[in-house]
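Two complexes are shown next, each including subunit A; its partner changes from subunit B in the first to subunit C in the second.
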Partner chain A sequence: MKGYISLLRLRFMLLLQYRIAAFAGVCTQLLFGFVRVMVFIAFYQSTSKVQPISYEGTITYIWLSQALLGLLPWNGDSELQTMIRTGNVAYELCRPVDIYNLWFSRAVAQRTAPTLLRAIPIFIVALLLLPGKYAMGYPHSCTSFLAWIISMFGALLLSCAITNIFNIVTLWTVAGDGITRLLPAVIILFSGMIVPLPLFPQWMQGILKYLPFSGIVDIPARFYSGHIQPSQIVSLFFIQIIWTILLILMGKWLLSRKMKLIVVQGG
Partner chain B sequence: MMNGIKLYFKYVSVSIQSQMQYRASFIMLTLSQFIVTFADFLGIWILFDRFGTLKQWSMAEVALFYGIVHIAFAISEGFARGFDTFSKQVKTGDFDRILLRPRSTVLQVLGLEFQLMRLGRLTQGLVVLLWAVNNLAIHWTMVKLTLILAAILGGACLFSGIFVLQATLCFWSVESLELVNMVTYGGVETAQYPLSIYSSWFRKFFIFVIPLACINYFPAMGILEKTDPLNSPIWIHYGSPLAGLIFLLLSLQVWKFGVTHYRSTGS
Partner chain C sequence: MSQIIVENLMKTFKVAKRKPGLWNAVQGLVHREYNTVHALEGISFKLEEGELVGYIGPNGAGKSTTVKILSGILVPDSGRCEVMGKVPWKQRIDHVKNIGVVFGQRSQLWWDLPVEDSFQLLRDIYNIPHQNYKSTRDELIEILNISTLLDVPVRQLSLGQRMKCELAASLLHTPPLLFLDEPTIGLDAVSKLAVRDFIKKINKERGVTVILTTHDMDDIEALCSRVVVIGRGKILSDGTIEELRNHVSKERKLTVHMDMPIDNFSIPGARVVELEGQQISLAFNPEYISPAILISNLYEKYPVKDLFIENTPIEEIIAKLYGELRI
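Now for the complex of A and B:
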């Protein structure tokens, strides 16, 4: 365990060095957030019907999803994937550690360090600098804030389990390529990145609830704005953890299947 | 000149042949791009299903904006890919080889890669556009048909111009190029909705600085024959696609200036 934590710390420090990339990311995400906010303002002005989520709730939801975009598992670890393609992954296999756990700790670093670098400036702009109509709201209450923190932890674990699946499917060159290209579309849509999940048609709500993706963006964002009561944190956190465990087991199974077949060319 | 065009098509045919060597992979890439961009449009459908209209705009009208901008972007991504990935040429020093050949740099960089997989986005844009046309009661004339083609071609020129400017930046710095994504991907995101819904300062940027409105919003006004909430005169609706071409020509001048300032890394 100590080994994995020190590896996580090293990767974390390394990824914090990419400041220029983070600056570009912050600007792009602010722009996308702004465009989305203006589109939603226009949509909310178009109807007087009461919507399943309030205007303020939606704006806060959008800023949270933009600020924490780095947490969204839409890709794998590009360094690992290159290693797999070039065959250098053989070195990884030589290390006296469990390879799934090793890659999982890399994923934790990948999903936290760059996200922190980008989230803090975006939060400052969206919370404090923007005029009222466009601004992100504060947490609904102290307990809502606490519930948000807990569900963010669940979201992180879930995200890393999915990231690791992206890494592992790269071992299947052709089929893996298809999955790494198609899965992001599913994740982006059903996590709530494009449209907040409460705004999806009524008949889809039942399905969305049982997919793992809502646990990444939607559930934490709705805890934050008080759209979900803080008392529900126990059951929803439980669902996040169950999905994480299932996805970890699936990842381990896929990995062990492929590891038996691997042949490394010498030379 | 004719010789140059012939040479360019030779480049394109070589590029297509090389991509066709991996046929299964090509089909999958194209198909996955089609599906990924489709998720985006699904988001718009969900919003209209929920809110009914976007101010005075119907879903079919928004689909017209969406179709035009996505087709234009797909064309420029296919053709001007060499400029998009130009930083690689500068970093590796491969641009030196291009400079040594007795042909124009623009032609050679264009010929570096013709990305056929962009057919995925193109087809998706086309499907959305046809759906829009089918659902809108437009009285089609030769003039309007020319206008929509001009808008798409003007858009392709405009986006190619942005790629050329991005490549020109590489002569000075290869850092923070991602910022250009704000006007390419950010621009596509913005222009898939009618420009009139945005705040006025934001609108002005996409009219006067990066003239996206000229290849999308204004021509669409001419096609829809709607009273424009922005009160643009009718000659703008028909003349504006030219702005895309002018933008590209100006960008190419900047490029020529950049080339004279190029210093090889020497490696």
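Now for the complex of A and C:
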């Protein structure tokens, strides 16, 4: 356990060093936040029908997803993937630790360190500095806030399990590359990163709710804004955890299958 | 019981054939042909505790494959392999606690972080008790003389400095076994000597069993009591350097400097390898003609200025061995 925590700490430290990247990230994430907010302003102004999610709820949803973009599992650990491609991964394989867990702790660092660096300034801007129409709202209530925190924890685990799948499929040099290009599109769309999931067609709602991706962006954001009642946290957190377990098992299975056939690239 | 037992180890790799050109690439989408590369074809050897064995062979002979199987990274197709009573790829986690590994062409240190951080990570990964860690670390730092390097980010180290740190990193958990895969590759003469001294020391003083693969024959001559030569996945020779020499050729080299250029040089019992002005290289077999007689014959016949006898350089022995086996 100590080894995993130590690795997590080291990766975390290292990722915190990238200050310029964090600054650039904050700028682009703010910019895209504005673009998305403006699109939805236009959308809500041009419709008189009652939408399944309020205007304020949508804007808050967008700022939350922009601030926490780093949590979205759209890629693997680039350092690890380079290690796999060059064969440096050989060293990881001769350590007395479980490889899946080792890579999972890397994923935790990858998902938390840059997100923390970027989320705080974006929250400050979106909550406090923006004029009313563009601004992010405060949590609906204390219990909503609590539910948000819990579901964020679920989102983190889910995200790390998916990130680790990205890492593991890199072991299939060619096919893995295809998956790492294809999967992000699905994840970005079905997590609610482009259009909030409540605005998807009615017939898709049932499916989206039970897919793992909604647990990453959509569900936490709607707990925050009160769109989902805090009392639902138990069942929705349960879905997040079930998916996390399934994805971890899948990752472990893929990894153990590949470990038997492993070929270390280059000399 | 032997520390390492390897019996009839086999490993093949399937490599997709990729012919150059667009048309062949398109064909490859539908139908792919595979080549089977036999990396190891029945390797057997045993190692006792405290041995320092050189494992040599040309590129692609299967050296690294063997080391990777021994370190639990690769799974062989068939054969038996036990390291300290454990099967590396089946009991990987228990097994790797017993071994230290250095791959000369790779790095286990974190590029952007000071060396000390990598050491501490290894301490936690191997679960080394603080007291042991401190004493081992201090000892390694002293032998390798790297105390000034510890707070430097790895990317700022020279290759020689880095290799010393890699060696220290691989021994922090005091493994009884050390696998070194080309540890002196790319190092300058001074660093090479430092690395060699270190290997010798930990083998002698700590009794660490060392398997060393290298292309540098000076490494072998300076360090190894035993040499295993592998080629095309098979073991070609296994024994001391002397045995290897005798196995390939018993000839010695005699280099003679004359006072003046000689035409039509010949001497019974020795073969002229090279004749260049006043310098002549001869090869002779001491079993047929004693060096003393050969030299006195030379002095009688020619105006000898200076001469010296040497063993055939190990490079030549190896080259000859590879050549004989057409590999």
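Criterion: the second predicted complex is superposed on the first by the 262 of 267 C-alpha atoms of A that agree within 3 Å, B and C clash if a C-alpha of one lies under 4 Å from a C-alpha of the other, contacts with A are read in each partner's own complex, and residues count from 1 in each chain.
Throughout what follows, a residue touches a chain if its C-beta (ideal position, glycine included) is under 8 Å from a C-beta of that chain, and two chains touch if they have at least 3 such contacts.
Treat the numbers as computed from the prediction; the structure is a model and nothing was measured.
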Next item on the list: Following the overlay on subunit A, give me a clash-or-fit verdict for subunit B and subunit C.
Entry: fit
Next item on the list: Go through the superposed model and pick first if A:G3 touches only subunit B, second if only subunit C, both, or neither.
Entry: second
Check: Which holds for A:F23: it touches subunit B only (first), subunit C only (second), both, or neither?
Finding: first
Checklist line | Residues of subunit A touched, compared between subunit B and subunit C (which is higher) | finding: B
Item checked: Angular separation of subunit B and subunit C about subunit A, which is computed from CA centres of the superposed model and rounded to the nearest 10 ° -> 90
Next item on the list: Please indicate which partner A:L182 is in contact with in the superposed arrangement: first for subunit B, second for subunit C, both, or neither.
Entry: first
Next item on the list: Return first, second, both or neither, reflecting whether A:C142 touches subunit B, subunit C, both chains, or no partner chain.
Entry: neither
Margin query: Quick check: superposed on A, how many Å separate the nearest Cα atoms of subunit B and subunit C?
Written below: 5
Check: Tell me, which parts of subunit A touch subunit C in their complex?
Finding: 2-3, 5-7, 10, 13-14, 17, 86-88, 90-91, 93-98, 259-264, 266-267
Item checked: Sites on subunit A touched by subunit B in the complex -> 20-21, 23-25, 27-28, 31-32, 34-35, 38-39, 42-47, 51, 174, 177-178, 181-182, 184-186, 188-189, 194-195, 199-201
Checklist line | subunit A-facing residues of subunit B, complex | finding: 24-25, 28-29, 32-33, 35-36, 38-40, 42-43, 46-47, 49-55, 175-179, 181-182, 185-186, 189-190, 193, 197-199, 202
Notebook entry, point to check: Can you list the subunit C residues touching subunit A in their complex?
Noted result: 13, 64, 68, 71-75, 92-94, 96-97, 99, 101, 103, 105-108, 110, 112-113, 117, 120-121, 123-127
